[in-house]
Amino acid sequence: MRLAVYPGSFDPITKGHIDILERSSRLFDRIVVAVIHNVNKKELFTLEERKEMIREATQHLPNVEVDCFSGLLVDYIVQKGACAIVRGLRTVSDFEYELHMAMMNHHMLPEVDTIFIMSTSKYFYISSSMVKEAALLGGPVGDLVPPNVEARLREKWRQRKEGKGVSD
Amino acid sequence: MRLAVYPGSFDPITKGHIDILERSSRLFDRIVVAVIHNVNKKELFTLEERKEMIREATQHLPNVEVDCFSGLLVDYIVQKGACAIVRGLRTVSDFEYELHMAMMNHHMLPEVDTIFIMSTSKYFYISSSMVKEAALLGGPVGDLVPPNVEARLREKWRQRKEGKGVSD
Amino acid sequence: MRLAVYPGSFDPITKGHIDILERSSRLFDRIVVAVIHNVNKKELFTLEERKEMIREATQHLPNVEVDCFSGLLVDYIVQKGACAIVRGLRTVSDFEYELHMAMMNHHMLPEVDTIFIMSTSKYFYISSSMVKEAALLGGPVGDLVPPNVEARLREKWRQRKEGKGVSD
Amino acid sequence: MRLAVYPGSFDPITKGHIDILERSSRLFDRIVVAVIHNVNKKELFTLEERKEMIREATQHLPNVEVDCFSGLLVDYIVQKGACAIVRGLRTVSDFEYELHMAMMNHHMLPEVDTIFIMSTSKYFYISSSMVKEAALLGGPVGDLVPPNVEARLREKWRQRKEGKGVSD
Amino acid sequence: MRLAVYPGSFDPITKGHIDILERSSRLFDRIVVAVIHNVNKKELFTLEERKEMIREATQHLPNVEVDCFSGLLVDYIVQKGACAIVRGLRTVSDFEYELHMAMMNHHMLPEVDTIFIMSTSKYFYISSSMVKEAALLGGPVGDLVPPNVEARLREKWRQRKEGKGVSD
Amino acid sequence: MRLAVYPGSFDPITKGHIDILERSSRLFDRIVVAVIHNVNKKELFTLEERKEMIREATQHLPNVEVDCFSGLLVDYIVQKGACAIVRGLRTVSDFEYELHMAMMNHHMLPEVDTIFIMSTSKYFYISSSMVKEAALLGGPVGDLVPPNVEARLREKWRQRKEGKGVSD
C-alpha cells in the first residue's frame, strides 16, 4: 500500500487544493491531508475549523483522510510510513521555495520523495491568502472555494463588519 | 496496477534522469521510459542507441522498461493505459514550459496527470545538452552520465577529432 | 482618436489572441493587428492566410483591422500614427523578452508606449507553437483556436498524413 | 470618455510612478491615482501626506487626479466608472503577483481590464521600500523621487536621528 | 591592495557562506565579513554570537576578518576603502533583489561594484532561515553548518524544549 | 598577479559589455576578453572583425587584452593561468543558464570561479542580438554600441539593402 502526505496550512482549503487532491488520490492508495499546526503563525481559522472544512470538502474522495502535525515534516512522514509528499505548484516563486524545501527534506530523509502536481489553468490564480483578502472585503469567492468554506468566510466577514460597527 | 510514462529525448540519458527513475520507480508499479521519435529533431544518438543506453543504465530497476513513440503523447498514454506522466524539474524555464505542456495534455486527456519530481542538488545542473557540449570538446563527464554513456560519448568525440584530422 | 497596434506572427491566431483583442478594443478607438512579414522565419501559414484567418475571427470587433509590416516596428508605428503597442503577457520568459523589447522600442521612439494585457486563466497555456504542434499530430484544438483556424489546421494535418502516405 | 485607475500605496510616490503616470495619461482621458487606505499596513507617511505628495508631483499632468479608497478595488472601479486598472511592472516577482491579482479582479469584474506599463530602464530599480530604506539611513535619493518627496524624507530622517539622540 | 566586503545577517553562518568565502578570498587580498547590525530585525543569535561563530568557522582563511556595521552599506564601503561588495546568488528571487540592490548601491557610489558568486550545487538549497527552522524542530543540520554552529543551534533547541516543558 | 577571462561571442561588442569591462578591470590585474571561435554558430561578424572592434573599443583600458579560443573554456583558463571567469548578468533566463554553466565549469575545474557583474540599469536591455536586429533594419543604435561598431553595423545594413536592390 502506498501512502502519500499532502501537507499545508489550508487556511482555508480552496478549489485549487481539492483539484490537487482529486488528482493525487488516483495515484496513491491513501492520501493524508496533514494540516500544519504552527503556534507562531497567525491563521484566520483554528486548526479544528481547518480540519473540519477539509473533511467536509473531501467526502467524495474515500481514500483521503485529514490529520495534523507539528514539528519536522520528515518525522511525521516516517511515523505515517508514507512514501511521498504531495505539493501543488502554481508559480515560479512557489517553484523555487518548493525546490529548496524538497532538497532539504530529501537531505534529511532520502527514502521519501516530493512529487509536484500543477494546478489546472482554471484554478491557477487561486491562493488561500488571495481568497481570504477578497472574502474579508466582501468579495465573491463562490467559484474559488467549496460551499462550506464560502459560508464560513462570509460569517467571518459579517463578524468583522459588525465588530467595526460596534466599536465605531 | 499503476503505470507511469517518463517521456523524453534522452540524447543521452544522464545521472539526473536515472535519479528521477530510481525515485519514481518506488511510487508506481511500472515505469515506461518513452523515447520520443522525432524525425525533424537532430539528435546525436540514433533512437536505437538511445534506447540501448537507457536499458543498460536501468538494469538495477526491475519495474522500469524502455519504449519509444511518435505522435501525440496523450495517444501513447491511452494506448499504454498509464495513469501518470513523470517529468523532472530543474529550472524556472523548465517549469514554465512544463506547466503549459501539462495544462495542454490535461486539456486533451483529463484522466491523466503529470507529476513532477525535482532533481537532487547533486545532479541539479546536468542536462543532456550541456553533457554533449562538454563531451564533444573532450571534457570529463564521468560524474554526470553512467559508464556506458561515457564510453559512447568518448567514441563520438574520437570520431569527430579524426574526422577533422582527415578532412583538414 | 487613439490608435493602438497589436503586432505579432499570428501563425495562427488563437483564442488567447482574440481574448487580448476583445479586451484592448474597449480601451482604444482603433486597433490594428499588424502581422510581421519576416522572410527569414519559417511559418506554417502564408502571410495572406494569416491575415485572412484574423479577419474572419475578428468580424465581431468593428474597430479592429488587419494589416502587415516588415522592417522596424517603430517606423510602422510612426507611419500609422499609433499611440501604443499592445502585447499579451503569459509567462516569465515572455515578460523578460517583452520588457527588453519595450525598453528598446522606447529608446528608439519615446512617444510611443507598450502596454501589456495578461491572458485570462482560461487561455493561459495556449501558444501558437503548442497549438501547431498538437494539431499537426492530430490532436484536438477546437477549444484553443476559432473554428476557421481549426479547419485550416485540420487541412494541413491531412495534407501531411497523405504526403507521408504517398512518399512511404 | 475613458477613465483609468492607478491604485497603489505610494508610500511615497517615486520618479518611477511619475513615469508610469506620464505615459498612461496619454492613453486615457482621465487617470485617478487611487491611494489604498489599509489600516492594517504600517506606512511611513499618512494617507493625507501621501495624497498631498502625489498632487504636488503631478501638477504638470492636467488629466491626473488623486483619490483614495478602502475595500475591494473592483467595487471602487465600478463606482468610478473606470474601464481599466493601470499597473507598473518591474520584476518577475511583480509579474507573478500582478498576473494573479489581475486574474482575480477579472474573475470578480470581467468588464474591467488591467493594463501593465513597464518602467523605463532609468527607473527600473526604484521601489518605494528601497527609497525609504536608503533615505532613513541618510542616503541620497534626489534622483529617485521628486523634490517635494525628497524634502519630506529628509525631514523624517532628521526626526529619527534626533529622536534617537534624545532617547539615548 | 584590493579589499572586498561580504555583507549579510549571518544568522547563523552556513557552509554555503563559507564556500563563498573560500572562493572569494582567492580573488581579493582581504575580505571583511560585515555583519549587519539591524536593531529592528529579530535575529536568533546576538551580533556578538554571530561574529564569534564566523570567526571560529573561518580560521583557515587568513585574509578573512569579521566586522559589523549599521547604517548605509555604501558609507561603510567608503570608510573601509573597499573596491567591491561580494554577494552569493542562489535563486531567481535572490537574483532580482540583488540586481536592484546592486543598481541602488551603484547609483549612490559608482566607484564600487557588486560581484556575485554562485553557490556550488552541493550547498545550493541551504539558507540560514531553512537551517534555523529545521534545527529548532530538532532536525539534523550537521551537513549544512560548521560544527560550532551546529552545537549552538542544538543548545537553542534544547532551551526551547525545556522552556516549553516548564511552561506547560 | 590575478588574471580573469571574460568569454563571449561579442557579435558585436556593446556598451553593456564595455561597462562590464570597465568595472571588472578595476578588480583584477589583467582581463583577457576571450572571443569564442565556434565554427557551427552563424555570426554576423568574422572572428577577426569581432576582435578588432573590441580592441578599438577598449583602448582606454590598459589592462584589457583581446584573444580568442575554441574548445573547452576550462582548458583555456588553465592555459592562461586565470583565477576567475567574468560574466555579465542581465535577466532571469541569463541567470539560470549561467548558474548551470558555472556549476559545470566548477565541476570540471574547482580551482577557478565564475564571478558575475550585473549590468547598470542604463545598459540593462542591450543585447548583441537586439542590437543586430535593430541595426539591420536601419534602426538607430548609436547609444547602444561604441562608434566603431555603429559604423560597421551601418555598413552591413547598406550592403543588405543594396544586395536586395540588385536582386529585386
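Residue numbering begins at 1 within each chain, and the chains themselves are lettered A, B, C, D, E and F in the order written.
Heads up, the rule we're going with is that a residue touches a chain if its C-beta (ideal position, glycine included) is under 8 Å from a C-beta of that chain, and two chains touch if they have at least 3 such contacts.
These numbers were taken from a predicted model, which means no experiment stands behind them.
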item	value
Reaching chain F from chain C through chains that touch each other, fewest steps	1
Third chains touching both chain D and chain A	C, E
A-C against E-F, pair bridged by the larger set of C-beta contacts	E-F
Identified repeat of the B-C interface (over half of residue pairs identical), from D-F, A-C or C-F	C-F
Rounded Å distance between chain B and chain E, as computed from the means of their C-alpha atoms	38
Length of the line joining the C-alpha centres of chain A and chain B, rounded to whole Å	32
Chain A and chain F, separation of their C-alpha mean positions in angstrom	48
Multi-partner residues of chain A (at least 2 other chains)	92-93, 96, 99, 103, 121, 124-125
Complete list of chain pairs which touch one another	A-B, A-C, A-D, A-E, B-C, B-E, B-F, C-D, C-F, D-E, D-F, E-F
Sites on chain F touched by chain E in the complex	2, 23-24, 26-27, 83-84, 89, 92, 95-96, 98-99, 102-103, 106, 113-118, 120-121
Footprint of chain F on chain B - complex, ascending	91-93, 124-125, 127, 130, 134, 137-140, 143-144
Footprint of chain F on chain C - complex, ascending	71-72, 74-75, 92-93, 96, 99-101, 103-104, 107-108
Chain D-facing residues of chain F, complex	92, 121-122, 124-125
